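Take a look at the structures listed below.
Shared chain: chain A. Partners: chain B in the first complex, chain C in the second.
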Partner chain A sequence: MKTLRLIGIGGALAYRALFNWTTPAMYVGTLLAGPTFQLLFFAYLGRQLQVADDRFFIVGNAVLAASTAGVFGGTMAVANERRYGTLGHVLLSPRSRTVIFWGRVLPYAGNGLLITAFTLGMGVLLLGLRLPLDALPGLALALAAGSLACGFFGLTLGALGLRFRDVWVVSNVSASLLLLLTGVNVPREGLPAWMISVGQLLPITHAAEAARRFAAGEGLSAAAPQLGWELLVGAGYALLAAALLRIFEAESRRRASLETL
Partner chain B sequence: MLRTLLIGTLLHAKHLSRSPFEIALALVIPLVQATLAVYLFRAGDEPHRLLEAAVGAGLMGIWSSVLTGSGGAIQRQRWHGTLEMIMLAPRHPVLMILPITAASAVTGTYSLLATLLWGRLIYRIPLDFRHPVAFLVAAVVCVVGLSMFGLLMASTFVLLRNANALANPLEYPIWLLSGMLVPIATLPSWTVPIAAVLPTTWGARALREATSGGPVWPSAGVCLAISAACLVLGALFLVSFERRARAAGTLALS
Partner chain C sequence: MGSEYAIEAEGLRRVYRTRTGWLRPRREMVEAVRGVDLTVRRGELFGLLGPNGAGKTTTIKMLNTLLIPTSGTARINGFDVVRDTREVRRRIGYVFGGDRGLYDRLSGLDNLRYFAELYGVPARDQKRRIAELLELVGLTGREREPVDGYSRGMRQRLHIARGLLHRPEVLFLDEPSIGVDPVAARELRQTVAGLAASGTTVLLTTHYMAEADELCDRIAVIADGRIQALGTPAELRHRADGRRVVEIEAYGVPDTAVAALRDLPGVRETALEERGALQLLTVQSDAHVDVQGDVLRELAGIRLGRVNSREPTLEDAYVAIVNAS
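On to the complex of A and B.
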C-alpha cells in the first residue's frame, strides 16, 4: 500500500513540480498543436508522394505524439531535480529510488495517452479518417502501451542526465530519431535492414503497428503480438532506467558531481 | 549601422557556436530530416526529385534554426538578464535584435550544406542544379528573408513571457505552407493566401526553381520585398511592444 502511495502521490507531486510544460500556453502550443501540425505535414506529404493512405500517417503520428510528453517528461523527471537543486534530497530518501522514479513515469504516460487521443481526434476531424467504433478499445490499448513505453524510454534518457550535463541534446536527438526509425512516417519495408532492427528496440514502433491493425478493423488476436512486443520494449527500458539510475548515482557520489550543472 | 549589424551577427554567431546544445542539434537533426525525406521520396517512387527533397530538408533546417533563434532571442536575453540592457542601448532596438535572428539564419545555412553533402555522399544524389549561380543567390536571399521574418516574430515575443510556447508549434506549419517539401497545390485552397505572404514560400520557390528549372529571379524578388515588409513591421512592433512591456513591468520577466 505504501509503495502504491509512493508511486501515485509521489508521481503526481513530481509531475507538478518538475514538468515545465504545464502552463496552458506551453501545454497547448507544444503538446497539442505541435503534434497536430506534424500529423498534417506528413499526411499531406504522404498524399502527394502516394506513399501510403491517410490512415497510415494519422494513426502513426497519433501514436508518436506520446513521445513528446514521454521523452521530454521522463528527462525532466530526473534532470530538473538537479537543475532545481533537489536531487540530493531525493537520493537521500529511505525509500526505493527505483520505485520513486518508476512512479514518475505514470503521469507522463497518462499525459501521452491524452495527447495521442487528441491528435487522433484531430486526424478524424480535419482529414476525415473513419475508424470503426469497435476498434476504439483496441486503439486505446495500443496508445496506452506506446505512451507507457515512451515514458520509460524518457526515464532512461533522464537517467543519462545523472552522468551527462546536457541531457537535452540526447532527448532532442532521440525524439528526432523516433520520427525516422519507428516506421511512423516511412513504411518500414522501405528502410535499410539496420534501421528496421534499431526501430524494433524503440518505443512506438510496435504500438504504431498494433494501432494500425486495430484501425484497419482487425481484432485483438491480430494486434496482440505487436502489443506484447511494445510492452516488452517498455519493460526493457524500465529495467535499463533503474540500472542506469543506480550506476550513475553511485558514480556521481564517487566523483562528487551529483549536483554539478 | 551596417557595422553594428555585422558585428552583432558575428557576436551572436560566436555565442551560438559555443553552445554544445545548439551545435549537436544543428549537426544531427538536419541529417535525420534529410534521411527521412530521401526514404519518403524513394518510397513514393519519385527518385528523380531526391535533389529537391535534399534542398527542401535543408531549408527546413534553416527555418528550425531561425525559429529556435527568434523564439530564444528574447527569452535567452531574459534568462541572461541582458534584455533590459539591450533595450536601453542608444541604438534602435532592431539593430540589437536583428543580429540575433540573422546569426540563427547564417548558422542555419549549415543545414542546407549538410543535407546536400549527406545526399551526395550517402545516397549518391547528383548535385546537378539547373541554375547553380542562381541557387547560391537564392540561398542568400532565403537567409536574408528568414532573418527578417525571424525579427518580426521575435518582436512579438517581447510581449510574451513564454515565447517558446508560440515558437515550438510553428515549425511544421511553415514547412507545410511554404511548400518546402509538400507542393502548395496539394493543400486546401484557403491556405494559398497565407502561403503567398510568407517570405519562406517565395524563398523555397526560388531555391526549387534554381534546382529543377524555372524563373528564379521573380520569386527571389518577391521574397526580398516581403522580407523588407517584415523588417519594417518588425521594427514598428518591436518599439511598440517594448514600450508596452516596459509600462507593464514585464520586460525582464521570464
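On to the complex of A and C.
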C-alpha cells in the first residue's frame, strides 16, 4: 500500500512540482497546438511528395505526439530537481529510488496518451481520417504502450542528468532522432540499415507500426508482435533508468558529483 | 543498537578531486575534512562552528550519508553511515538554510505531503503530523499558498517542518538562520531549543555566535578541516580569558592599518567586519595591557564612530581559535 501511494500520490505531486508545461498556455501551446501543426505539416508534405497516404502521417504523428511529454517530462522528473535544489532531500529518502522515479513516469505517460489521442482526433477532424470503431481499443493500447515507453526513455535521459548538467542537449537530440528514426514520418524502408537498427531500439517505433495495423482494421493478432516489442523496449528503458539512477547516485556519494546536494 | 551516542565520528576525512579543462585537464585535490573525531550524546544540542570552507557542510554530508568519507568511520545511533545507509536515513532529518530546496510551484502543504511520502510517514499519520508541524513552525493558514510567494523566513520554517516530518532522532541543521530576519531567527532558535528539550539530538552549524551560545550544550570549532576546540560555550569562552577587547566603529579602514595594529605590543587578534558602509574593528589584547590609545593613534586620519572596551565573548574566543589554526 505504501509503495502504491508513493507511485500514485508521490508521482502526481512530483508531476505538478517538476513538469514545466502545466500552465494552460504552455500546455496548449507546446503539447496540443505544436503536435497538431506538425501533423498538418507532414500530412500536406506527404501529399505533395506522394510518399504515403494521410493515415500514415496522422497515425505516425499521433504516436509521436506522446514523445514531447514523455521525453522532456521524464527528463524534467530528474533534472529539475537540480533547478530547485531538492535532489539532496530526495536522495535522503529511505524509500526505493526505483519506486520513486518509476512512479514519476506514470503521469507523463498518461499525459502522453491524452496528447496522442487529441492529435489523432485532430487528424480525424481536420484531415477526414476514417477509423473503424472496433480499431479504437487496439489503437488505445498501442498509443498507451508508446507513451509509457517514451516516459521511461525520458527517465533514462533524466538519469543522465544526475551525472551531466547539460542533459537538455541530449533530450533535444533524442527528440530529433525520434522524428527521424522511428518511422513516424519517414518510411523506415527508405532508411540506411544502421538507422533502421537504431530505430528498433527507440520508443514509439513499434507502437507506430502496431497503431497503423489497428487503424487499417487489422486485429490484435496482426499487431501483437509490434505491441510486444514496444512494451519490451519500454521495459528495457525502465530497467536502464533504474540502473543509471543507482549508479549515478552511488557515484555522487563517492565523487561529490551532485553540486546541488 | 544501544549506543549511548547519537553521533560518533572517528578520523573522518574527505578529499575532493576536481578536474577543469578538456584539452589540458588540470586535476586538483582538496582535503576538505582532515580527520574529525567527535561524539554527540543522545538528546544533546551540539554546535559545529567554523568559517566558510572550514569543512562543516562536508562533515554534515558525510554524517547524513550524502557523501562517503574518504577514510574514517561515522555512526548514527550505532548505524554505520556507509554500510547501513537506509537505517541511518530513517533516523535523520536534514535542514539547510537558503532559498532553495523546496518545490516552488507546489504549496507548502503539498511540499510536506510529498516529502511525507518520500520519508515513509504512514498515511494515517500524515494529516495530523503535517498539521502539528505547520502549527509548530507558524505556517498554519498559509499552507495552501504556493511556496514561490513565501518569504525567506517562511521558506526556512517550511524547511524545518520538512526535516521533522518523520520524527527524526537526529536532526542536522546546516546554517538554518542564514539570511533570516532577527524576529524569525529568534523564533527559529525557540523551535530548535524545543526540539532538543523533547529529546531530539541536534547538530547545528551556524555563523552566529550568539545563536550557538544560547542554544548549544557543546560546541566544536572546526577550521582547516580539523576540530580546533571542543567544549561547552563557557569552556570555550575561557579560551579568551586574560584578554580585553576594544571595538571601534570605523569607515574606510585599509588592510595596511589592520596589519599595523597586529604588530602593536599586547595585541593578540584583530578582526574587521563589514557592515554596509560601516566597519567594525575588533582588537583583542592581553588584559593587563591598555592598547586603546595606541590603536587610536594608528587609526589617526580615519573617520571613527563609537569606541567600546569590553570583556571577551564567545565570538572573541572563536576568532582567537580560528586565527590560531
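As a working rule, the second predicted complex is superposed on the first by the 258 of 261 C-alpha atoms of A that agree within 3 Å, B and C clash if a C-alpha of one lies under 4 Å from a C-alpha of the other, contacts with A are read in each partner's own complex, and residues count from 1 in each chain.
As a working rule, contacts are C-beta pairs under 8 Å (C-beta built on N, C-alpha and C of every residue); 3 or more make two chains touch, one makes a residue touch a chain.
The model shown is predicted, which means the values in this text are computed figures rather than measured ones.
Superposition of the two structures on chain A leaves chain B and chain C fitting side by side, clash-free. Legend: residue contacts after superposition of the two complexes on their common chain; A:M26 is shown touching chain B, with no touch to chain C. Contacts of A:L133 after superposition: neither chain B nor chain C is touched. Contact with chain B, but none with chain C, is seen for A:L40 once the two complexes are overlaid on the shared chain. When the shared chain is aligned, chain C comes close enough to touch A:V90, but chain B does not.
In the superposition on chain A, A:V51 makes contact with chain B only, while chain C stays out of contact range.
For the combined arrangement built by superposing the two complexes, chain A sits at the apex of an angle of 90 degrees to chain B and chain C, based on C-alpha centres and given in steps of 10. In the superposition on chain A, A:L6 makes contact with chain C only, while chain B stays out of contact range. Legend: residue contacts after superposition of the two complexes on their common chain; A:V173 is shown touching chain B, with no touch to chain C.
Shared-chain residue A:A193: touches no atom of chain B or chain C. After superposing the two complexes on chain A, the closest approach between C-alpha atoms of chain B and chain C comes to 12 Å. The contact sets of chain A with chain B and with chain C never meet. Residue ranges on chain B touching chain A, taken from their complex, read 20-21, 24-25, 28-29, 32-33, 35-36, 39-46, 160, 162, 164-166, 168-169, 171-173, 175-176, 181-183, 186-187.
Those residues of chain A that touch chain C in the shared complex are 1-2, 5-6, 9-10, 13-14, 16-18, 22, 84-86, 88-95, 100, 253-256, 260-261.
Those residues of chain C that touch chain A in the shared complex are 16-17, 61, 64-68, 86, 89-90, 92, 94, 98, 100-106, 110-111, 113-115, 117-120, 122-123, 162. Per the touch definition, chain A reaches chain B in the complex via residues 23, 25-26, 28-30, 33-34, 37-38, 40-41, 44-51, 166, 168-169, 172-173, 176-177, 179-180, 185-187, 190-191.
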